[in-house]
Amino acid sequence: MAAVLMLRGSARLLYKHRKVRAVSIAMVCSRAMASKTPVGFIGLGNMGNPMAKNLVKHGYPVVAYDVFPEACKEFQDSGAQVMDSPADVAERADRIITMLPSSPNAVEVYTGANGILKKVKKGSLLIDSSTIDPAVSKEIAKAVEKMGAVFMDAPVSGGVGAARAGNLTFMVGGVEQEFDAAKELLTCMGSNVIYCGEVGTGQAAKICNNMLLAISMIGTAEAMNLGIRLGLDPKLLAKILNMSSGRCWSSDTYNPVPGVMEGVPSANNYQGGFGTTLMAKDLGLAQITATNTKTPVPLGSLAHQIYRMMCAKGYALKDFSAVFQFLREEENL
Amino acid sequence: MAAVLMLRGSARLLYKHRKVRAVSIAMVCSRAMASKTPVGFIGLGNMGNPMAKNLVKHGYPVVAYDVFPEACKEFQDSGAQVMDSPADVAERADRIITMLPSSPNAVEVYTGANGILKKVKKGSLLIDSSTIDPAVSKEIAKAVEKMGAVFMDAPVSGGVGAARAGNLTFMVGGVEQEFDAAKELLTCMGSNVIYCGEVGTGQAAKICNNMLLAISMIGTAEAMNLGIRLGLDPKLLAKILNMSSGRCWSSDTYNPVPGVMEGVPSANNYQGGFGTTLMAKDLGLAQITATNTKTPVPLGSLAHQIYRMMCAKGYALKDFSAVFQFLREEENL
Amino acid sequence: MAAVLMLRGSARLLYKHRKVRAVSIAMVCSRAMASKTPVGFIGLGNMGNPMAKNLVKHGYPVVAYDVFPEACKEFQDSGAQVMDSPADVAERADRIITMLPSSPNAVEVYTGANGILKKVKKGSLLIDSSTIDPAVSKEIAKAVEKMGAVFMDAPVSGGVGAARAGNLTFMVGGVEQEFDAAKELLTCMGSNVIYCGEVGTGQAAKICNNMLLAISMIGTAEAMNLGIRLGLDPKLLAKILNMSSGRCWSSDTYNPVPGVMEGVPSANNYQGGFGTTLMAKDLGLAQITATNTKTPVPLGSLAHQIYRMMCAKGYALKDFSAVFQFLREEENL
Amino acid sequence: MAAVLMLRGSARLLYKHRKVRAVSIAMVCSRAMASKTPVGFIGLGNMGNPMAKNLVKHGYPVVAYDVFPEACKEFQDSGAQVMDSPADVAERADRIITMLPSSPNAVEVYTGANGILKKVKKGSLLIDSSTIDPAVSKEIAKAVEKMGAVFMDAPVSGGVGAARAGNLTFMVGGVEQEFDAAKELLTCMGSNVIYCGEVGTGQAAKICNNMLLAISMIGTAEAMNLGIRLGLDPKLLAKILNMSSGRCWSSDTYNPVPGVMEGVPSANNYQGGFGTTLMAKDLGLAQITATNTKTPVPLGSLAHQIYRMMCAKGYALKDFSAVFQFLREEENL
């Protein structure tokens, strides 16, 4: 293993002429070689908790922090070490993973009064798995670079179940020569680790995928609902769509109409799965990103509004495929 | 073959108690047994012409009509017989296929002054492959039934190329026991013949599929465009979407971004394929159908408006995947 | 009165050179001169009933029909004469007003088996105050003209209250030289009678107005809701909008926010006023008309979808300004 | 004048118990009493330049800064004093008005390396007339308060013409007891100065108004276009709308259809007025604000997308009423 990592260290030398970095090779090598040195983990929520536990399972000593003491307590009971602040985590670990609910939280954890950057070591690798505005990822990356450390954004797809099972998908943005170092840790938590490009592109990939997902899910719900009202059998209609040009993941893998498929949230009263409120959040990010880049996203924009309305109409905690139910409700005077 | 058809005749007897029909078994059997008796074909346009020629290739004597004399002339030159009106076609053939551009045309061809119903024989099988409002299909079906004949709607998916190659997909609505008789003819022109349910459900299936297709195509164009502006490589983004929950036919089989795939309209300046103006027509049908059934279709409705605007902005004849180009155009002052 | 009517008769002569009609002057004059001859009224619903009663109040003998016997009974009790069919009404009256809920009803009443046209007298004036598709109005007009009679579309704005008070607004389409004859009757029921142009333009004017009304109502609700969430006082915000470029009827005369104005539905739990289900119907007509004329109406289309969803979410019978309440509901997990 | 201002100073004492401020009365009084002491002005663009000149006309010595040297030069030639940075302006003037193109510019001018806050005097009154995200206004206000100064947001409505003529409308947010001091300066540049509430509500009022304006403008364009295609005369239709519930500022004061009104951009090929690109910017702010407050704004959101598309289709510099032209373009194959 060490040999491979050294090689990675050498590979960096080859890249060096392309992009000069403030990170000294020596620092990075020492970090990389000691692969079972402590790994920091900040954010022990529904997703972060099982992710961090998977790191522990893979033999990494985890040094953790969460703003909620109860979250820390639970994690500590499982044998991990808990710190008093992100800064303290950074003092103890030169590889840190963060998993936070929103852009402001991420900014606070990195650049706040007791943030990581207060005590970060040169050459540290900081991986943010939160889903946030890619522009914010880029700003954090700049601040991290100034301290001589490395930042990568690595948002996940897959929910709590995938987090527990360790088969999340990570979409990673950042300097390519650091990708292997990040992958070493991320493969403990996910089955799929994809390099997307420079910092922010991990977020971009996730946002774009989820925007398209929301659009095709609502589209599937509309098409199925219309077809049913026109006399088509739901299973037959799904079959026709799936062998035709209307086919999409929402129609063939996660069909929103009860009775069409088994083992999906629509078969279980829309429980479990990916919550409407989380989809609304991701669509909000897509909206802000598109607005800031002057990119027209008419359907993405309307999808956002629909999930927003669903949140206000009692669907917040249901799976996002419940849009079928939302649209299906019949008019009655 | 005759045996099978007889069997089909018997099968009809079994169904008879379920749904009494005005069609006498004797008539139907005589029609079905004489499978190479003339077949009528009305509507020799871009689609109808190659469809009718495939019937000829399969050995059926075709008796045809089109409102445009030139279309008739061209078809006559290829050896077929041409009549002076739909009524005359109905006098000569007890199986007729119609392929017309819009609901009013279909109404005229069936119930007009020189329409099919003026001279239709009892027990005739009338198959309409036009894409029209399913409510109109049902009205025509009622009028046809009153004359003791059988009507099925069988709109197609697949364009002119598929019509020529004989591998269209037919979505068929009508009495189930007539499906085999219809299939016999339709398999000469298509590789896929799907029974959808009662009259109008063929139209319903097509409309629903195309509405979902339009939505996921625009969604793919939006997601790809946003991703590219955020720094993602188009091919990489397509790959990520296609292994994730954003995957759809528009992203993995017909990607709208030039350079991502070969052999699709986006690789050929959006020429060929399925024209924007045709997609706008189908979305208009979806809109009218949804309005009449009080079905909410917010994304379908906006997709319709977008294709409508594209038609007015010079995209009418381009493939409908050109929505990527339409949305991509950069702002410049 | 007779003098004035003669003058009107003469005025008609002056117009004659502009547009030759199949209606003989003699017939029309005889109809017009006998201004207190019976007037037919078909459709005695929530609107039609008080409208017909206003004709009675103005001294016109009314000959009525409604498909529901109870509606006829109630009207008969108030002293009017009730017939057995639209045809019978046409036999007795050469001026008829129809007030029906939808396009198919109108088609049936005019061209059905016992419809007006079965017994209509040459030169009769038939005024349809239903709100229907202008294309249907034109078709009915053609059928009426063939019988040597005159058809005008004259949909109303104003609800049941205005119908009772006799201050509806009529938007009238049809031959201009017949406008005065129509106005004579319509002014008994409305305070505002506007000539819009040829047949169908009355419907067009109403549909366009109501589409813009729906759009600006939803817009007002969105702007007020956003402003309130951003800390603005609702009354102050309404005042600012009303002195600025955001001003509209929905903001300054019918504000949808409870507490901003008195005497409007928002001050009374959205009771009374113009029902959401009626607005959804008018927007559906706008949608179908726009689709058939290939006119892009992106906001009108989305407004339709929003009112459609409101109907399914329990708002069908509330005033259409309840869209504020619909959008305002807070997200809560 | 001094008496009035003293009174204002006293009024402040009355308010003091309600909201304790870090601003010493003494400082404020000295600022207020010396009403013709220099006033700072930062941002000398199309709007800022004529606004600052109006201050000069009213006898205020203006101390100015702009990031573009040419803008400074032009202003200097007209007799004003130009500084090297916002900080230098703050050193010379205790009342400063800023007029900047976007949120990041405002943040930079206030909190940047050479920003106002580097040298701001205690008790200074800082008024930002930029149109920016109200959340950013609030953040700037906090930073300003920490320095013992006062911040108000005061975005304008009215374009370059109104800026020159001195009849802009200012919507002002901030501590109410400072409103008179702000008004003293703002009335030199505008005819209408409205107090909206706490910091950020000026922006909120402007954003809400412009969002409703965009919605009703597009709605007017759609309704007029549909009506015209249905055979209505544009002037007549406008008249009908304006006496009905569809009436709005866009229909009765700024009609987007050429030939309906004089003296508006639609009468002059959509030149002058309020540019599409500026409307798109304001709608982007509305979108971001709505997203951040989880407020559903379906029509506002779609209006944003439509203006975004217009910018990409060559309408960026045309008046925003050109949406009529954008929607009107006919389909042609």
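Labels for the chains are A, B, C and D, by order of writing; each one numbers its residues from 1.
The rule is simple: a residue touches a chain if its C-beta (ideal position, glycine included) is under 8 Å from a C-beta of that chain, and two chains touch if they have at least 3 such contacts.
Just so you know, these numbers come straight off a predicted model, no measurement behind them.
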{"item": "Option in A-D, B-C or A-B whose residue-number contact pairs overlap C-D by over half", "value": "A-B"}
{"item": "Chain at maximum distance from chain C, centres defined as averaged CA atoms", "value": "A"}
{"item": "Chain A and chain D, separation of their C-alpha mean positions in angstrom", "value": "38"}
{"item": "Intercentroid distance (Cα basis), chain B paired with chain A, Å", "value": "42"}
{"item": "Computed distance of Cα centres, chain D from chain B, in Å", "value": "54"}
{"item": "Residues of chain B whose C-beta touches two or more other chains", "value": "294-298, 302, 308-309, 311-312, 327, 331"}
{"item": "Chain D contact footprint on chain C (complex, rising order)", "value": "134, 157, 169, 171, 192, 194, 196-198, 200-201, 204-205, 207-213, 215-216, 218-220, 222-227, 229-233, 236-237, 240-241, 243-251, 253-254, 286, 289-290, 293-300, 302-303, 306, 327, 331"}
{"item": "For the chain D and chain A complex, residues of the former touching the latter", "value": "280, 284, 287-288, 291-292, 294-298, 301-302, 304-305, 308-309, 311-312"}
{"item": "Residues of chain C that touch chain A when the two form their complex", "value": "277, 302, 308-309, 311-313, 316-317, 327, 329-333"}
